[in-house]
Every structure is written in C-alpha cells, then in structure tokens.
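To start, the structure under review is shown below, and the notes come after it.
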C-alpha cells in the first residue's frame, strides 16, 4: 500500500501523523549542541536551528494565522526571521546571514515548536472536517520532511568544514551481511511507447508533479543498480577529471576553477588511499556502496565515460512505476544507516534494485513545468514553480529521505554544480 | 523550395556558395575602422577581427590541413590564436583577452582570408567528388553564417558602450508601408497529438537537430506574431520589473542585482520617453515592431504577466513546419533592415506571421540532446553537444540571420540571462 | 636591550595579574549563550569562543610547551585549530571558517582555559626568577587584553546583523551628570621642535613602539576633545557623503560602492531621526558623545570639511606625553560604560580631555616601522611588523580597552576602510 | 608662495618647449597601428589613443576654455570622453571602458591634437606676460610627460598579453661597452642629522613636493646601485617566493592568490632558463641590469632576505640632493634604451650610480602629505592630494622618464601590489 494512501485521514489520524513527523525532526537534533545548531557553513545551507524554526513557521504562518487568528504569536518577530523565500509573505531575513541570528537560541526555538505544536494539536482535534486545513497541514508535513533531509545535508557539510571531522552519529558496527564480491552491472530492458507520468491519484503530491500526462519513450534499458564507489574510482583513475572530452563545457570550467578531483567529501590520504567523510565519520572506500555527492556534471561525465547516459526523468518514472517501491529493505531515513548501502545480493533476477532510497539519482532532465502545469494560488504557489530554471531533476530519494515522503512521481532538483545533496547516478542506454 | 535543398551541389556550385558566404562576411565589415574591429566589449563577445579570422581558421584547420597538407600555413601562430573552444585541437587563446591581440592587425587578417579563400577555391574546383570535403565545407559555411550574426550582435554591444552611441549604418528612410494602427493579437490553434520534429532530410543540419523523433503535443494555440515594443512597454508600466511574483526566482535575483528596468538598449530620457539603441542609431519606440533584446527571464515574466506562456521548442517547430518559411517578405539579413520590422498588415487570415526572421523567439525548452543524439566524431563533435546545459532554446532566426541558414528545425540557444542576442518572444497558451 | 627583558615583577605579582586578566576575559563572556559565542559575522571578526580559546592557545603554545614540555596537551588538535596567523608555528585553520568549528563547544573551551590556567599558576609560582618567562607571560597578557576589546567589537558587529538588534548588556540608567549644553571646541597649542616618541622605559610595550627616537614637529594645535555625534551629524546634513571633493579618491569609491551614508551602526528611522546601535541596544543620537565607528576615510573627510586635519601619530604622542593619562575618570573597559561618554564639563582650562579611552583617534600616519625597528625573534616576531602596510594608526584607546593596556606610545592600526573598531577622531591644525 | 607662480620663461621659450614635448608624445606612437592604440589591457592601463587625447584634453579644458573662450570646441563630446578623474570638471567616462571607444579613431584624435596645438601656439605667442597661463601650461607639459611614460608602461603590458609577444621597437645591437663581470655592491655612508627635503626653488614642481621642510635622519648607508637581475634571481632560487617569513602579511597573501613566482614579465622556459619580456622583445636574463617590474611587496621581501631594508623617501632625497643628477649618461627616455642598463663600470669611487633613470626605486614611505601641504585650488588640486592613501613612494625616474621631468624631490607613487610600472629597488641599511 502506498504511504500516501493515508491522506484521507480522519483528523485524528492527521494529528497523529503531525506528531510523528514533528518528533522525527526533533530526534534528528538529538545530541547536537547549541553550537552545532547555530552554524551555517555556506549560503546554500542553513543552521539546524533555522530548520527547526522555519518548519514551525510554516504552520504558524499558513495554518494558525488563518484558523486561529486570535492566538497570540509566540514572538511576532519570528514571522520575518524564519521566512525562507516567500516573497508574498513579506520581508525575509537574508539567507546567507541565517547563521548570525544567535538570539533566539536553540532552547527558545524548541519552545516555539512546543507552542505551535500544542496549538496545532488542539486545532487538528477540533476542525474535524476542514479539507482545506487538512491539505495545508499535509503540505506542511511534507515540507518538514524535506527539511529533515536538509538538516542532514547541511550538518554533514558543516562538520566537513571542521578540521576535526566530527561524526554526527557513531560508526555502525561492521555489516556481516554485506556482499563481499562486486556485483556486475545488469541492464534491464524497459518498455517503449506511450506512458503516463506525473501524479494522478488522490494522495498528496507537490504541484510540480502535476498534471499527469503522456510521454513517448524509445526503446531503452536501465542499470539494475546505481554506480558504486569502486566503479567511480575507476573513472578517476582513468583520468576522468583531466579529460575535457568527457565533460559538458560548463562542467569542465568548474572542474578546473574549483579544482575538483573527486566527489565531495572524498579525500586522498598521503598513502594514496581514498577516504570518504560520512555522517558516521571518515571511512575507507567501501565495497559496492553507491557513490554519493556527485554533481550533475560528474554524473554526466561518468556516464559518457562508461559509454552510457543518464536516464530522463520520464524514463526513470516509467521504470519505477512498475515496482513496489516501498520494500521493507529500502534504505531510507528509517533505516538509520545514514549513508548508502550495497545492493542486496539476492537472486539474479532482472528486477531493479535500490530505486528507492540510498542515493538520489540524477536524470538528464532540466527541471521544467509539466504540460498544463499551474502553480497553486497564493504564497503556497511559490513552492516549486519559480525554481524551474537551470536546475536538473533527481529521482528516488536517499538514505536521508523519510519513506512516507517518497513516490515514483517525486521530483527533486538541484543546480548542476551542487554536490552537498545525497546524489549519485544510475546508468541508462538506448536500445535498438 | 527549401534553401538547403541545394546541398546536393556540384563542387562548382559549392565553390560559388563558398564565395558568396565569404563575401557576405566581408561586406559586414565594410565601413568599420581597424579600431571598430579590434575592441571586445565583454567576455561573451568577440572583436570583429577575431570573427573574420576565426571563420577562416575553421577552413584552414579542418579542411586545408587535411586536404592540402603540404600547403604552407599562412602563419603557424594563427592555429592557436584563432581557435575558439575546440579542446581537441589543442591550446587556445583565452576568450576574454581576444580584444588584446592587436597584432596581427585587420589588414593582415584580410590577407589571411584571401590566402585561405584562394586555396579553398582551388580545392573546391579540384576535389569534385569528395563528399567528406563537401560536408565539412558546408558545415564551415554554416559556421560562418552564425558568425555573421555574431558580428552584428557584438558590434551593437560594443557601440552601445561608447557614450557617443555611434550608428553602424545610417538610419533608414521612414517606411511609408508600415502599418499605422496596432494589430491586435490573434491566437492560432495548433494541432495536438503525435508529431515528428528534428531534421530528417538529406539537407544540411547541425548535429543537435537530430535524430528526427516523435513528440506528443496537447491542444494549444500560438500567437500569430511576436510581442511588440508597445505591448512590452505596457508590462513595464504595469510594474513588471518590480513584481517578484511574475518572475522565476533566479530571474528576480538578477533583476535586482543588475538593476534591470527595461530590455537591453532601452534608455529612458529625462522626459520619460523611451529610446532604443539600434544598429542604425538611437530611435524612439516604434509602432508595432517586435520587442528585442530580452533575456529568457524577461520573456518568461512577460508571458506570465500576459496570462500566457512560452511555447516549447517542439510546439514551435510543429507550428512552423506547416508554413512556407522562406516567404520573400521575411526580414532576414538579406533585407538589410538591421532591426525587426512590424508584422505585415495583410488580410486577417489565421496564418502565423514572422516565424522566420525579425527576432529569435525564446521557447520554454532547456537545450538538451534529442533522444538518441550522438555528437559527431572528432573536433567537430564539440560543436553543440557540450553546451547542452543551463541554456534555453530560441527558434526562427532574426533580422541578422542569413535566410539560407534557417529552417524549421534550427535550434539556437543562450543562457537565460543573456540579452545581447536578437531575442524576443511569441506567446502560447493551452487549449481545452 | 629588548623591551621585554625589562619586566621587573615578582612572580607572585605576575601570577595575580595573570589571574585578573584571565578573569576579565571570562567575565566579558558572562551572559552569552553558546550560540552567541559561536557565530562569526564576517571574515575580519572571530567568534567569542575562538577568542577564548586563542588567548589560551598563546600560553599553551609559547609558554607551556617550552617550560612544561612534559605536560600533556589538553587536546593536540587545538594547536592548529586556534592558531591565528603565526606562519612559523605551522598550519592554521582558515580565518573565515572560524565560525564553523562547532566542536569543541563553549563548555569544552572553558575547560581548556581552566586546564591551562592551572598549569600557568603552578608555573608562575615555581619559576620565580625566569625573566624570559615573565616577558612572555606579560606579552600574553597584553595579547589577551587586545582580544578583550576584540570580543566587544566582534560581538557588537554580530548583534548588529541580527534583525532583532539584541543588546549585549542592559541599557544604563540615564546619567544626570551629563552636560546638557554642547561644549564648544577649544584648540590647545602644542610645542614645536624636536621631541622623542616611542617607548623607552622599563615597562612593557609592544615591539612596534620601539625604538624611542626623535621627531621634528612644526607649530600646531590639537582640539581639546574628540568630534561629537552632533558635530558629525552636521557634516552629514551638509552633504558630506555626497561631495567628492571632501574625500580621498579611494574613500570616495568606497562611499559609492558600499553606499555609505553615515557611520557604521547609524540608522535613519522613517521619521528621519538617527538611531545608533550600541552594546546596550539602539538609542537616539546622544548629546556630546564622541562619534564612533568611523573609517579613516570618514575621519579624514570630516577633518577636511571642518577646515582642519588629522594629527600625525607623532603629534598625538607628544601631546599625550605631557598628560597624566590614567586619570581615574577615564572611560576605559573598567568603567563599564560600554560606549563613549561626553567630555567632563569641568572648568574651561586649556588641558586636553578624553585622550585616553572613549574612542580610538585616527591619525594621518600610515602604520610603519620606527627608524631602527627590528621585530622580535621567532614566532613572536610575527606580532606586528608584518602588518605594516596599508594600515593607519589610531591612538588613545577606547571605552573597551583595559586601562592597564594603554600608554601614550601605544599604536593601534586598521585598514582605512575598517569601521567595526571603536574609532573616532580629534581634529588638529597647523599654526603660524 | 605657490610653486607655480615661479615659472620665469619667456613665452617664446615656453612655446618651443610645448612643441617639443608634444612632438615627443607623437613620436612614441610612431609605428603603432590603430589597433595597437585602441586596446586596453587592464583597468589600470589606458589605450595609447586615450593618452594622446587626454593630454590634449588637459590643454583644451584648463587652458583654452579660459584663455580662448570663443574658440569652438573641436568636438564638445570630448570634454567628458577624455576626462580622467577630475570630479570637479563633471562627468567622466568610466575608466575600465576606455578601450571600447572605437570612435573617434586614431586619425581623428591626431586631428584633435593638431587643432589644439595650433590654438596653443597662437596663444603662447600672444599672451606674453601671463604668469597664470605659463604656470598652467608648464603643469600641462609635465602632465604630458607623465603620460609619455604611461604610454610605454601600458603598451608593454598590452603586448605582453599577446601570445605572439610583439616587440614595440627592434632589439638593440649588442653593447660591447657593457661590463662583463658583475660589480660587487658597495655601501655609501650617508649623513645623519637634520636635512631639508621637498621642493624649494623657483623651478616647476608638483604640489605634492611642497612645502620644503626639515627631517631628522639617523646614521645610515645606501647601496651604490640598484639590485640587479642576477641578484634577484638568487632570491628566487633561495625560495624567496615560498618563504612567508620574508614577506609582509598582505604581500604573502597576494603571492599565493596570484601565484607570483618572479617579477612581472619574467617567464621560465621549459629548459628552466628565465626569459624577460621587454619593449624590444623577449630576451634572456642580462648581466648586471637592474631588476625591474617589482611590486613594493617584492622589493621589501628582497631587502629583508638581503639583510637590508628599503630607504625612506627622505633618505633617498637627501642622498640624491648632493649629486649632480642630470649626468649625460643617465638612462632616461632620451637614451632610447627602452629598458634599464648596467651601472657604468668606472672607477671604484664611493659615489652613487644610477640614482636617475633606469628604474624607479621603491622607498618604504607611504605616500602622504608633507607637513603644511595644501592642494592647489580648483580642479588642478585633484592632481595629487586625493591619492595619498595606500600607495608607496618611488624615486628617481626610469629609462622611460624624460630627463627634464625629473628632480631629486620628485615623488612617484603606486599601490604596493602594482608591478607594471618600471620599478626596482636600491638597498639601504642602518649604521651604528
């Protein structure tokens, strides 16, 4: 059953789901010091404290101001302070300066969360039939789940800037179950012809997944699993970062000006061995773990080097739609692995592995509106549409995405030079 | 008959075409001083002298080095000096410093042209049956035609940086034939369903137009002509440049940081009236002339303001394919208008006007490979594919494009913030 | 003989002084949250936590490593982490990323301080006769006193970036003793001829104050007090920030590109009244308070506008040398005013007021070595000499400088566009 | 009394001098193409055409507008177009865009020169007694002589950006008279005590050389000649560019960020040998030629490496004042060497060599007003004073300075990172 089938919830169920999502966010901040939650390592990232406050701001501004207009604001200044990019809501605090707001502190922000949560619970238990409310709360919860992944992305980047390379969580015990021998890549033939993609059912989806519409596909095949660290290492060792013919022109410029020589968070020790920084500290290159923290340019160059290409997002979705995505073994936020895992060994069927979780998979598709797309009305309409330029679509979620947040039609997107998201790739190729 | 049907030329015909294209380039430089041909106004632009040399370098490097290997180089240093971006050819002189190469001077570059032209004529009259040669020469001529338009783009930008605002050519006599009353916009319904786009015939086309493939279109309509200067002025006067809700997020950032308030080359005089700088000097806003020098962001914002959208490139091509593009009246380089002209008044049929010439029309399509695309082998393969990132497609050619260079499948592309190309827009909207 | 050989303290006295200086630093951090101590508002500033650690690092690295080589390091990684700019000590953590080191946290840094303080006390009570030790400890204490002022500078800048404009300390009660009427400026004639400046006695001084040497002065006069806020407001209202003829060329460029319209931390409210952000929160323009947070360019432009000039550092020192600088009333760190105060009303004698404390006073002197200057040997030699370029000298200390840290020969220095230090100006003019 | 009141020339003599200086400027442009005169290689440099026009603009604006107010402007637009930095004259064309003004062309600018020269000759032969006129013309001629050197500086930089490394003039014949063995450095003891520096006599001087005033010097010595190329090479080979302890902090940052490894225009060939680009083309390192194209940072670091220091400008002037500067053998613009030459062998007396000409010599003095300095009234007052910030003084002139432009009190100045001027160094050290 699809996780989002639950959207036709009684309010009671929604109140429970609200509590669960909010608790997950708070659990992510467990063990973090006020300092950890304060710092902002780059303009693209935000402090954990800001994420905690901004997700709360969403409910305070879009829900409580409308449904509980007489409820006093917890602190009126928070309305500007924790706005992210909603121009129609009014002023916003400049993004690169989020790390400079030391007051309110973490404790005060946790109190803000409690205050809003109490009001939300009261509201959700009262306004039993309000579908507009339910829709907005559902949006707010999915918004918060996005920030759950962002918290891990931003923390990882922050810790990578500390010369002591602190670990967010302790290293996991060695997995005896991991496959010891590399798994050869298998190609899985995919159906050509006309297919429908996009969100169509009654469940929740973001506006950018609509409308559902037909696409035409030519014969093609998809790799049964993502590209792994050892495979990517072979690309490096074959001079991948020194050969302009493998790169998009813009990517090659960036390789040279930023001196890229490996994925983000890879570091070559003095003995030549590569180390990878993870949320559980630095480790040696693993076995068949999917490579992570690639830019679009690197994913594209690897695919060219491998004689293959990236799939389009339509191809990816058609391939994924036939699968039961939410297998128990999927490595999502719930697995607590905090990093990609090897593909399950299993029997050598032709089925696709790791479509859900582990690493987001770059597609070759520019992030663009679907035919007939219309953004939602009001401030909520700023959620997606205005970012549809110079970004590329990733699909499938990562080890840091909550399972209930994912679906085959889900579109994630980043600029082609971004690397701090948990992004890898899966190869595709033309048939016939 | 399509202009490119002529590619099955006898060598003799190719030699004639070679001479004609080369003569056109030289004519564009007539009346320009050595200083005019030397200066480079921004990294994206090149000096006219560089264009004259680089187009010649193409034939010297890709044709004469292969078919006339014993011909002495006119000057061996030119091989590096006038390379543009072909990494596989070897070193290249850095682009932003093209304006600093004062030696060789303009006269010496013209001698270089003569030298190569003589050798090319000899070759073309001798190697009568060599289809590989013919293909490469044809590519070189289309390459040169692209640079003909670039010469006018770059010169216009250069002259706009001179506080005296010099005119490239004298102002035209007033056109008595111009329509005096504004033409209301008509919507022309377009066919939905499966259509083939891309280049399919035996004529010349760039590799990025292939392969021909099917696309699915939903019901839609296209404006019968591009957006005009007065229409765009209404957008400005309605606060178009001050309303974030009309803009893509990235575009809005640029509007503010670059302080955009109108299209490039528009200037508001002290009395509030708008002046437009053209290749024939500065003039007041014209009647129903298509607006030009818009970025993708401005075209997109205008369309949103107008309750419409940009067409996709597939839509544009399907609409154009049904037309006889090369009407005698098309305003291309040959018309010598040196700027867009009003749509012909004509009878109020439903046919599309000005699809060819006048202004390049932004589409909403990111520049991407067609399904099954493969770049050409060797250095020639760097022509198109490696630029397929963070650029958007424009269609239809401008007043500065040679007519024989255009076709319905032609794909031009620029980054979304570029404005110095001759780009405007035509509205589209969904039906049903 | 080197200045640092001259410290004639009993070890016991030094141990007491060590404890007192260290306690003052810690008191400055009282009431600050871990978040307040974590953030870094610009590359020139540092987090409070870093200041707390770096001043401790000085004793750990330069004193304990030499005199207590077998004492285990509190944490070996701190040696690189809290180095500031000593190239000879080895690697250092890049300055703009100091705000990203969230671990160790504030608590751990306080433990570091305790650990080093215990070891230092043991050492100072044991190594009774070691003059080299005493010299280095004295240097370390003066180094720490510099950072005490930096803590207040950096915190003020940080809080000014928070839209809520938090106060570091509560607003002071209104001072009934403040003069109610403006004090007219008096000029105090100064002695011309040959004078000695620079440090010459047995007490501590930095190497940049040596050697003591003769200077020639022409007849001149010095204002009896610094320029006040209302006086500076008159400059603003007379178009001071819009008249290029008042500015150094480089200053005028900066006024335009950074859009300077008033001193740092001044803000014009919607009703036109000016507000000043202070360590005790925002307040209206005060009475005769010295203006603060001027760049060298602003101080120089004001002086030109006023028909006067800045004093040279030699002039300032000669004028100051005749005074008893350390009057009880001087507004230094000990007064806890946390901002400049009005000049004492007193009787209208010709003596100079406020030479010590309140605001650092810009001089016209470029920061340069005195004739015969030699930097100290070793890492300590990087303390001053290598910064002698493109900086200008300020004299006299501010409300944030410890009184025991000041003397007439003390040379402070900042780049001419820096404004976050507590800098104002006092006018000078030629006589005869 | 103002220095410019003192010009005691008959008008006739001034007219001759005017003609001679103007002819020299024109001769410098001989053999240059319109392209050579058009290009601007960096914001700090200007096109030769601009220099030709701007020096003419000075006479047109400051002289002819006042003394010949009814003379029609040659072209009214030139008043803005060729203003450099005089804010009080009104608008000016932005400096970095000087290379984009292709019209007027070189020929038209030469006509402008003729037009102004004719009017000036008429004026100078008529207004026989006007001392204000004479003073301003004299200033204009010295202004033009400054631009003569700038023409050579800017051209050299421009040609160095051309991969073909064109020579401005043909290589000179080998000098048999050059010394074959290196000349050991001799130290010449200088007088301590009170000395007067600055301009005091009736001849022309810039306002920044006044007033003449006393300075106090301590015992010191000056090297008898500048540092040579082989000496500087030893610094490089001793790791000079890799040792932070030799550099000012700001210089060390620049060494790393700009990847400096040698003086400007030095290039290490593949065989390791160093080549030097000159106005006569590239050549190998010469014998005892003074090293040229050093920044202040490099000069300072070399001096520190050599156990010496740079002289102050007061020291340099006192040492130079005792010499007969204008020896016939001085290598100034008139010698046509177009580069520094070795010190004359001569007898080993204690006298100083090459104080005049060859290379400008960096001093350790920040460029600052002399005590009692007042800029001239009006636009002319912008000539010097407003640049007195973050620049350092060079003394003595170079091979590109006209001899009649030099004197012991002459103060040249550049930012400490500038290298395209003809600057070297001469060592100094303390005595006693």
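Should a chain be cited, it is by its letter among A, B, C and D, assigned in written order, with residues numbered from 1 in that chain.
As a working rule, contacts are C-beta pairs under 8 Å (C-beta built on N, C-alpha and C of every residue); 3 or more make two chains touch, one makes a residue touch a chain.
Owing to the predicted nature of the structure, the values given are computational and were not obtained by experimental measurement.
S.K.: So which chains count as neighbours of both chain B and chain D?
M.R.: none
S.K.: Tell me which chain's centre, taken as the mean of its C-alpha atoms, is farthest from chain C.
M.R.: B
S.K.: Could you work out how far the Cα centre of chain A sits from that of chain C, in whole Å?
M.R.: Their C-alpha centroids are separated by 47 Å.
S.K.: Chain A to chain D: how many Å between their CA centres?
M.R.: 60
S.K.: Would you kindly tell me how far, in whole Å, the mean C-alpha position of chain D lies from that of chain C?
M.R.: 38
S.K.: Could you check chain C for residues that touch two or more other chains and list them?
M.R.: none
S.K.: According to the definition of touch, which chains form touching pairs?
M.R.: Here the touching chain pairs work out to A-B, A-C, B-D, C-D.
S.K.: Contact residues on chain C for chain A in the complex?
M.R.: Those residues of chain C that touch chain A are 33-39, 41, 49, 77, 80-81, 93, 97, 99-103, 105-106, 158-159, 161-164, 166.
S.K.: Okay, in this complex, where on chain C does chain D touch?
M.R.: Listed in rising order, the residues are 85, 87-88, 194, 213-216, 218, 244-245, 247-252, 296-297, 364-366, 368-369, 371-372, 382, 386-390, 416, 430.
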